[in-house]
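Below are two complexes that have chain A in common, paired first with chain B and then with chain C.
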Partner chain A sequence: MTVMAVVMLYPFAVMIVTSFKSQAQYFAGSGTSTQSWRQLASTMPIYQQLLNSTIVCSASIALILVVGVMAGFAFAKLQYRFANLIFLGIVSAMMVPLQSIIMPEFVNVARFGLTSSYLGAVLVYAALGTPFSIFLFTTYFRRVPDELVEAGICDGLGYWGVLWRLALPMALPAIATVTVLQFIQIWDDLLVGLLFLQNPAERPITVGLAALAAGRTTSIPLLMAGSLVSALPAMLVYLGFQRFLVRGLTLGIDR
Partner chain B sequence: MAEIVFDRVVKTYAGGVTAVSDLSLTVAEGEFMVLVGPSGCGKTTALRMVAGLEEITDGTVAIGGTVVNNVLPKDRDIAMVFQNYALYPQMTVGQNMGFALKVRNVPKAEIDRRVREAAQILRLTEYLDRRPKALSGGQRQRVAMGRAIVREPRAFLMDEPLSNLDAQLRVEMRTEITRIQRMLGVATIYVTHDQTEAMTMGDRVAVMRNGVLHQVAAPQDLYDHPVNEFVAGFIGSPPMNLIVAGLAEEAGEWVVRIGDQSFVLPRSYRASHRLAPFVGGRVVFGIRPEDLSLATGEEGVRLAAVVELREALGSEKLAYLSFGADEGIVESETPTDDGAPLRRRSRVVARLGARADVAEGQHVTMSLNDAHFHFFDPDTGDTLRHAAP
Partner chain C sequence: MLLTVPAFVLVGALIVLPILQAIYYSMTNWDGITTQWVGPSTWWQAFHNPTMWRALENNALLLLAVPFALALPLAVAVMLHQRVAGWKVFRSIYFLPTAISWVVIGLVAEHFFAYSGTLNSLLHDVGVPRAHTDLLGSESTALIALGITFVFSMIGTNTMIFLTGLATLDTSLEEAARIDGAGTWRIFRHITLPHLSRFIQLAFVMTVISAFSALFSLIFVMTGGGPGYATTTMEFLVYQTGFNQSQFGTAALYGLILFVITAVVGVIQLRLIGAND
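Then we have the complex of A and B:
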């Protein structure tokens, strides 16, 4: 455990120590400075990029949750033709790697003129995250006894009412799981942001960092400071929801 | 309050499986009707059709004079109690009980009043702020009842609500549910596979098998006058003894032969039963375990038997006897109308007093209570008793 902890935490320690050095101190290997942190805001529009990442993340996750909850409930509790086949098709989509479909996706989104707005990236992220979300919510709602749904119906609810007033409050662990996993994935993603958010004012933090690293002279301490700022929200979200995450991820395992 | 009427109701699932076949049954206002039968007999399906949770393939279900085939469950004004209680885990006991009223936009003060009243009836007042997971099985069952009561519905539907409770609690809740139902006087359909529940709780009991309703009657009537071998064997614990016997005429008397023994049938049975066509052939002879006793004198109908097994239950002893007839299970040659052949075990059980002196292997003489003989058609399994005028 200790060895694992050291292996996992060492890169963070290096990032933190390096970020508190100037370029010269970094090469000299000694001394501390807050210069790179002060430089960060002036070198790149970091606040705007953080805001962009937040907007794209929030909108994508909202879409993923809404579609996932409704489809998951339908797959788990409603009976209709070809439900299993459709579910299988959707779940299979989880296995398709992003890189293999990124070009056709880009062409499609570009044709709709959505590469210079948040919407294009949001739709792509939502499309990529929804299969997992549907899978998880279906698994979750299948564990909700049918009698509970029927009790709700006898109590005067329709299926919508059962979903929003009974099933959804019970699905909080699944909602937390999807939120955390998708947040980490979308927040840390570079490729979609790079391709589908072409307006510089709408770039997310990961694209900003990539630009920082791609300059002719790269300041490593500056890059470390930026990377820390970028990694912090994902870490906080993970730590905050860790409890639910474990419950949510073991949904299909325990009974 | 309202009566519930099934009129030639049929339920056929996709794939052609018929769960309920031509069910006609009326549950009167305020009546406690128990649907009983073995697993898969269609009793729960029938209940769910009243609730609107299953579509009706054919026929009609009416509640309070209105056909509800196409009425949504929420508009049927019925309350259902489920086998696993189906309490909402995220709500407190009070919220669970008041939820249906909240959905119907009943004012909060009225909801509180009704919930408190129901909680008082069910002795749940101190648990109103707890969540279901903090309650015992019996308390959860009472909450499920409370959720139904506060609705003040036109009918209660209960789907094996006691089957998840332990034996002692089940007995307690049996009387509790009966008390509440009598107090509220709401038409109730109660589904169970437990014939003890059926006998103790119902005003009338409907016995089903393979989707077919076999008999509807008051519990004692059902016990005393089963319409066929299935009902005779299903109601009662231990069930009625059913023995394939010969029926012959000797010197003007009708004689029942069991193995190599025989007894003269009292003449009253000639009038009360349609036995004449079977004289010279076979009938199925039925006798309840409590109508067999150890003979003390020379009078009455008596048969010699060997005690094969003895079970002492404390308050009584069960003696498993052999009358010397063919051993094993005897199946009828023709299947009944619901497709299953009749099965009759030739071993006989007698319910004896707690102090009865019997031992395994002992030869005994049994006295048969000749006021309570039953006779069934060996081919169809139907009773040979004439219907009461």
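Then we have the complex of A and C:
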């Protein structure tokens, strides 16, 4: 038990200990220094990259939530032709691995000139995250009683009013789950950022880190300091919202 | 109806359309700009390409890591479920790596397995002074290092799934069995394990799909697919073929093969769930 805990904490210990060494001290195996931390900001633009990650994450999640809530409500509460078929189609898009569509996707997005702005990556992340979000919101909205929806419409709220005032408050846990899950996923992702954010000024931190590592000349303590900075936001989100993450991962089997 | 339009457009334009395009482009010579129709013979050629078979073989070998990626978390979850002292702290520790990027895990793993890395000094400390392993540097062992890192990366998620499953277990059943004289192992074998079957299936499918489509970050950081093609899996081959060799058509084809594989796994999963209901 304790042995496993040590193994699980190992990466964090390595990052912390190693980041407080200079390159020479790392190879000598002893001594501490804050040199790597002082050099970090001049080696990789961490503040800009943290900001980029935050922008891309927030915009993608906002899109995923809006699209997911709207479609989820429609699939759960509004009857129309082919609704089930379309729902099934969208949800099965969850199973498509990004690598299977990456070549046409990249060329399409590049053709619209979107690989040199945040928008391309945001749209790709949103498309990848939307199916799960729709699935989750649909299951939540199905629990909203039909009578409540009808009563709301009779009272003159309209569909938008019912969605906004009655259904949405009931779906708050689903909103939290989607947000936490997608935040960690997008923040930690490499492939989309690598390909769809070609402009180094718009690089998210995970991509910045991988690019630095690929250089092979960067000092290891410096890389570890960068790793720690990049890992911290997702870790904090995780520690704060653990239970929503657990719910999201096991959904579909719990009901 | 109007409410589903954004979802329809987003998924249609960015997921469904590219699949259809990939089918077309897989039968062409395509460098991203000009397209030259070849026909279905490209598929025939692909299946005669040793590199693709090497990548598939690597994927198959990585599947050997799946039992470990299930058994370890299962043991951890069962122990956590006993509510040992400090189990909440332990739980947080086991889950924590789930939050960090596989890029970061890959970076740490790379320095763990490196020639002058932690593994060798550990071996040195326990009395193997001549140990100079270089798992990532050798073609025969690099995949092992990748597999170990993959198992590590899956522990948090799978522990989470199993722990959720155990939480739904009726404890009175266990107690009754214990009173009847059943040992810990028998209780696990005959009560806990059958109860967890759905959760084990979920974890199994997620782990297999991850083995096929989530290792890009680890491979990119740890080995770049090498040495040689020792750690090039299908998903990494798509990236290499497309973006390093500019053979967009062939890369699209490899992507479709990956799609078929994961779809088969997904369908099997649906069958299993259906059989249970």
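What we mean here is this: the second predicted complex is superposed on the first by the 234 of 255 C-alpha atoms of A that agree within 3 Å, B and C clash if a C-alpha of one lies under 4 Å from a C-alpha of the other, contacts with A are read in each partner's own complex, and residues count from 1 in each chain.
As a convention for this text, a contact is a pair of C-beta atoms (placed from the backbone, for glycine too) under 8 Å apart; a residue touches a chain by one contact, two chains touch by 3 or more.
Since the structure is predicted, the reported quantities are computational estimates derived from the model, not experimental observations.
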Clash or fit, chain B versus chain C on superposed chain A: fit
Chain B versus chain C as contact partner of A:Leu148, first or second or both or neither: first
Inter-centroid angle chain B-chain A-chain C after superposition on A [Cα, multiple of 10°]: 100
Which superposed partner A:Gly161 touches (first chain B, second chain C, both, neither): first
Partner chain in contact with A:Trp187 - chain B first, chain C second, else both or neither: second
Partner chain in contact with A:Pro169 - chain B first, chain C second, else both or neither: first
Which superposed partner A:Ile16 touches (first chain B, second chain C, both, neither): neither
Greater chain A contact set [chain C / chain B]: C
Per-pair minimum CA distance [chain C against chain B, superposed on A] in Å: 18
Chain A positions touched by chain B in one structure and by chain C in the second: none
Partner chain A, residues of chain B touching it in the complex: 51-53, 72-74, 78-80, 82-84, 86-90, 99-100, 103-104, 147, 151
In the complex with chain C, residue positions of chain A that touch it: 1, 4-5, 7-12, 14-15, 18, 27, 29, 63, 66-68, 70-71, 73-75, 78, 80, 83, 86, 89-90, 93, 95-108, 110, 123-124, 126-128, 130-131, 134, 159, 184, 187-191, 194-195, 206, 209-210, 213-214, 220, 223-224, 227, 230-231, 234-235, 237-239, 242, 245-246, 249-250, 252-254
Touch list for chain A against partner chain B, complex: 145, 147-148, 150-158, 161, 165-166, 169-170
Complex contact set, residues of chain C against chain A: 1, 3-4, 6-8, 10-11, 13-19, 21-22, 25, 30, 32, 72, 76, 79, 84, 90, 92-105, 107-112, 116, 118, 121, 152, 155-157, 160-161, 163-165, 168, 198-199, 202, 209, 212-213, 216-217, 220-221, 224, 234-235, 238-239, 242-243, 248, 251-252, 255-256, 258-259, 262-263, 266
